[in-house]
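Chain lettering (A, B and C) follows the sequence in which the chains are written, and residue indices restart at 1 in each chain.
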Amino acid sequence: MKTPLLQLQQVTMRFGGLIAVRSLSLEVDAGELVGLIGPNGAGKTTVFNVITGIYRPTEGDIRFQGRSLVGLKPHQITRLGIARTFQNIRLFRGLTVLENVRIGAFVRHRTRLWQAALRFKAVEKEDAELEARARHWLEVLELSAVADVRASALPYGLQRRVEIARALATHPQLILLDEPAAGMNPNESEELMHLIRRLRDEFGVTILLIEHDMRVVMGVCERVLVLDYGELIAEGPPEAIRNDPRVIEAYLGEPV
Amino acid sequence: MELSTIAQQLVNGIQSGAIYALIAVGYTMVYGILRMINFAHGEVYMVGALVAWLGTSRDWYGVVSHSSTGGLVLLIATAMLVCMTLGVLIERLAYRPLRHAPRLIVLITAIGMSFLLQNLALILFGADPKTVPLTWRTVQLGGISVSLGQLVLLIASLSFMAGLQLLVKRTQFGRAMRAVSEDFQAAALMGVPYDRVIVGTFAIGAALAGAGGAMTAIFVGAPVTPTFGFMPGVKAFVSAVLGGIGNIPGAVLGGLLLGVIEALVGGHPTLSPFRDAIAFCLLIAVLLFRPAGLLGRAVQEKV
Amino acid sequence: MVRQIFWCGVAIAICWALDRLLQAAVYGQWFGWLTDYTYRAFILVPLLFITLAVSLNLINGITGQFSLGHAGFFAVGAYLSAGFSVYFASGWLAQVPPAWQGVAQFGLLLMAALIGAGAAALFGLIVGIPTLRLRGDYLAIATLGFGEIVRVLFENLDLFGAQRGFTGIPTWVGFGFFWYALLAMGCIAVSRNLLKSTHGLAFLSVREDETAAEVMGVPTTYYKVAAFVIGAMFAGAAGALLAHREGSIYPVDFKLDISIVVVTMVVLGGQGSITGSVLAGAGLKMLEELLRLLPVVTLFGREFQPSDFRMLAFALVLILMMIFRPQGLLGHRELSWATLRRWLSRSPKRASVPPAETPSLSSEGEQMRQP
């Protein structure tokens, strides 16, 4: 049996007295397109924060390609091949779109800081490479036209797309999308679904996404995980999840 | 060090600690509500001391008699009133326009305000040290000499802080203040007039700092210069952080603690020159090892 | 590598030639106004403050780590390099045969400057490490504390003259322009190189949003500490040059005022803008000197030099700037020939200029609380 790409084993995250994630175990295989859903406050974003190293789990282990991520800094985890977007967009607002994406591409740099201070040839070459890579992702996400626009000046939908481009530029194997469709109109989320499928099919990126828009989740995910009060209450293909009584109960409250 | 020296330093430490505490509550209240360091707070304290000097260095048609209790009470009250006005003015002119600005911008403004007041004082009153022409009788308490001024100062500061605690815990305004510092948005939604609460907080903090400044000048006889408030201001901020910023009893505890530590180290002959460095070392240590302070709560950043 | 050496050579040649020219002009009294005093006030001091402002800009402006301790780095560089020269190098120099004195002096000065820079960089590392934990206003207070501790230390160490000041430092810098200009150019070049490369974007990303930067794979701790170390290094070297030109240094030369003045320069120029720091650094110092030319005024029964108002003016500038133009004169932009031309010709190109920038100085985009 091959090892899954991402594996959470009995992960618990406690903040003081509050248990945000309770003994959660889940697996994502390479090439999968998985949805993570659940009512507000179910601990979905906390799961992302624990995977990307922003929080250190109170208990349990997280493995990526068989390697434990616990105790690693977020930037080290990104370097291993996990990228993410944020629920409340966190672009570098004062920088241009291209600069934002170039920072994503920076993960792959090899030159040293002192070389950059003295502007070595290697640095110039690398800058050109990284910029080309960034421009490539702008092209893919149809953002080339706004490359030199300040990120804060973009409309909301485009900002989300820049965040995805920035995450992709880190060259991830797994990308975590935190509510990518939030605030989008039906047209935009249709485009987004198309894009998500394309990322997986064309670029082979494994995707784990948190989403409230059920149309997106049902339309694009192959497998859905349901979280409630920090616990995994259901798991399966979208159709099964839609009719799962536990899921309905979690969303609607106590059964009548 | 001998035991009596230690006891003596302890008394001096508590006295300067009480002053730190009086200034620190102003820092802590403003921080609790606006999440900003009001850097100019130490200068408000300096202005309080200047008012005391102005009051005693002239005759003022006999209104402020140098030795009468009533005259001194009136003088301290004037200093509080002047500082209160100053505090409110600072908030109105410099900080209110920046209510929605990033924190660093507010911080830079506050530093600018601090320097502005220092240099205004320099231009208006000059750099020469000014001493209030009053002396206080010293009493011996079991080998420790305490001046009557020190005693009065200590009692007055403690009653000021007790009064503040009452105000915060028992009054409508205090409730509003606590609500705003707990959750600004919710308080505003519940109809708490936050603008008035902010102004009130600045006014109370400034009045206490002014009282502290006036009392230091009158009862301790400390020479007043334009930079009179800078170090006490920074140290009071350290006290506030030490006690847990945003926490009023914490600020009092932190102030007293810092005063005592300083006095004990300052009493040591070889260490005394480095007295001023203690506060900063303490600050860095607290921020590194117990960032929430002694009585504060830890807050985790939301991502 | 060849290119770096070439440009270093060019810079050295230019600085040397200008140095000779200026020296001839000052001592030969070519121009009435160019005296020893005006040369120092209008050329050397501005150059020194350009170095200080540009190096602080790297910490405050580009990386967004608000430091109030720049005078501390300046002091460490000045005192430790001076200590090296007074207690060690002078003795060594005495043993050098007369014919080699010039070369030996040059070498020892370079060594002293490197020691000053190295010591300050070490202090930068020490100060930088707490920044792993501190943000925004706490960092400002902690760095302020650092600067004050350094001053208090030198004020009380007899080895460094304590309050009497440290005197008898060999004045190997000589005329000054060569070294001062070289350092300022080096500081500008390094800042510009960094900002131009993708590494520079890593510094900027820390300023913009530390958490997001970390998640995008930027080792934020490394870049924060690096900013402190590089910034401190140049401030330290500047201190070394000051000590070895003036021959004596005093604790008051490194008061908090200096840190505030340099912060004002960075803020005025636009945090993050190198050219802004250069212009504001040189401009404010020259303006301060020009103030001295104004007549004495009498206010409140006392006489004032107009330059007595300079700190008041700095404070006012700082406050007004924050309220009305927090991005500084140049904002995040750099002044280049292209921007100059655009301003002058006012061509329709303006339309393609990115939309008005919003200040984003805080690392988290945090704001004061608001309902």
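As a working rule, a contact is a pair of C-beta atoms (placed from the backbone, for glycine too) under 8 Å apart; a residue touches a chain by one contact, two chains touch by 3 or more.
Just so it is clear, the model here is predicted, and its values are computed rather than measured.
Asker: For subunit B, which other chain has the most distant CA centre?
Answerer: A
Asker: Write down the pair of chains with the top C-beta contact pair count.
Answerer: By number of C-beta pairs in contact, the leading chain pair is B-C.
Asker: What chain is most central when centres are computed from CA atoms?
Answerer: C
Asker: Rounded to the nearest whole Å, what is the centre-to-centre distance of subunit A and subunit B, using the mean of the C-alpha atoms as each centre?
Answerer: Centre separation, subunit A to subunit B: 48 Å.
Asker: Could you grab the centroid distance between subunit B and subunit C? Build each centroid from C-alpha atoms only and quote it in angstrom.
Answerer: Going by mean C-alpha positions, subunit B sits 33 Å from subunit C.
Asker: Could you work out how far the Cα centre of subunit A sits from that of subunit C, in whole Å?
Answerer: One centre to the other, that is 41 Å.
Asker: Multi-chain contacts only, two chains or more: what residues does subunit C have there?
Answerer: 211, 359-360, 365
Asker: Please set out, as single numbers or ranges, the residues of subunit A touching at least two other chains.
Answerer: Expected reply: 54, 86.
Asker: What positions in subunit B touch 2 or more of the other chains?
Answerer: Residues 303 of subunit B each touch two or more of the other chains.
Asker: Subunit B touches which residues of subunit C in the complex?
Answerer: Answer in residue numbers: 64, 66, 68, 130, 133-134, 136-138, 140-142, 144-146, 148-149, 152-153, 155-156, 211, 260, 263, 267, 299-300, 302, 304, 308-309, 311-312, 314-319, 322-323, 326, 359-362, 364-371.
Asker: Give the list of subunit A residues in touch with subunit C in this complex.
Answerer: Subunit A reaches subunit C through residues 52, 54, 73-75, 78-79, 83-84, 86, 90-96, 99, 102-107, 109, 111, 113, 116-121, 123, 126-127, 130-131, 148-150, 152-153, 166-167, 170.
Asker: In the complex, go through subunit C and note every residue touching subunit A.
Answerer: By the definition above, subunit C touches subunit A via 1, 3-4, 190, 193-194, 196-202, 204-205, 207-209, 211-221, 226, 230, 332, 354-355, 357-360, 365.
Asker: Show me the residue ranges of subunit B that touch subunit C in the complex, using the header's touch definition.
Answerer: 33-37, 94, 97-109, 111-116, 118-120, 122-124, 126, 184-185, 187-189, 194, 234, 237-238, 241, 273-274, 276-277, 279-281, 283-284, 287-288, 291, 301, 303
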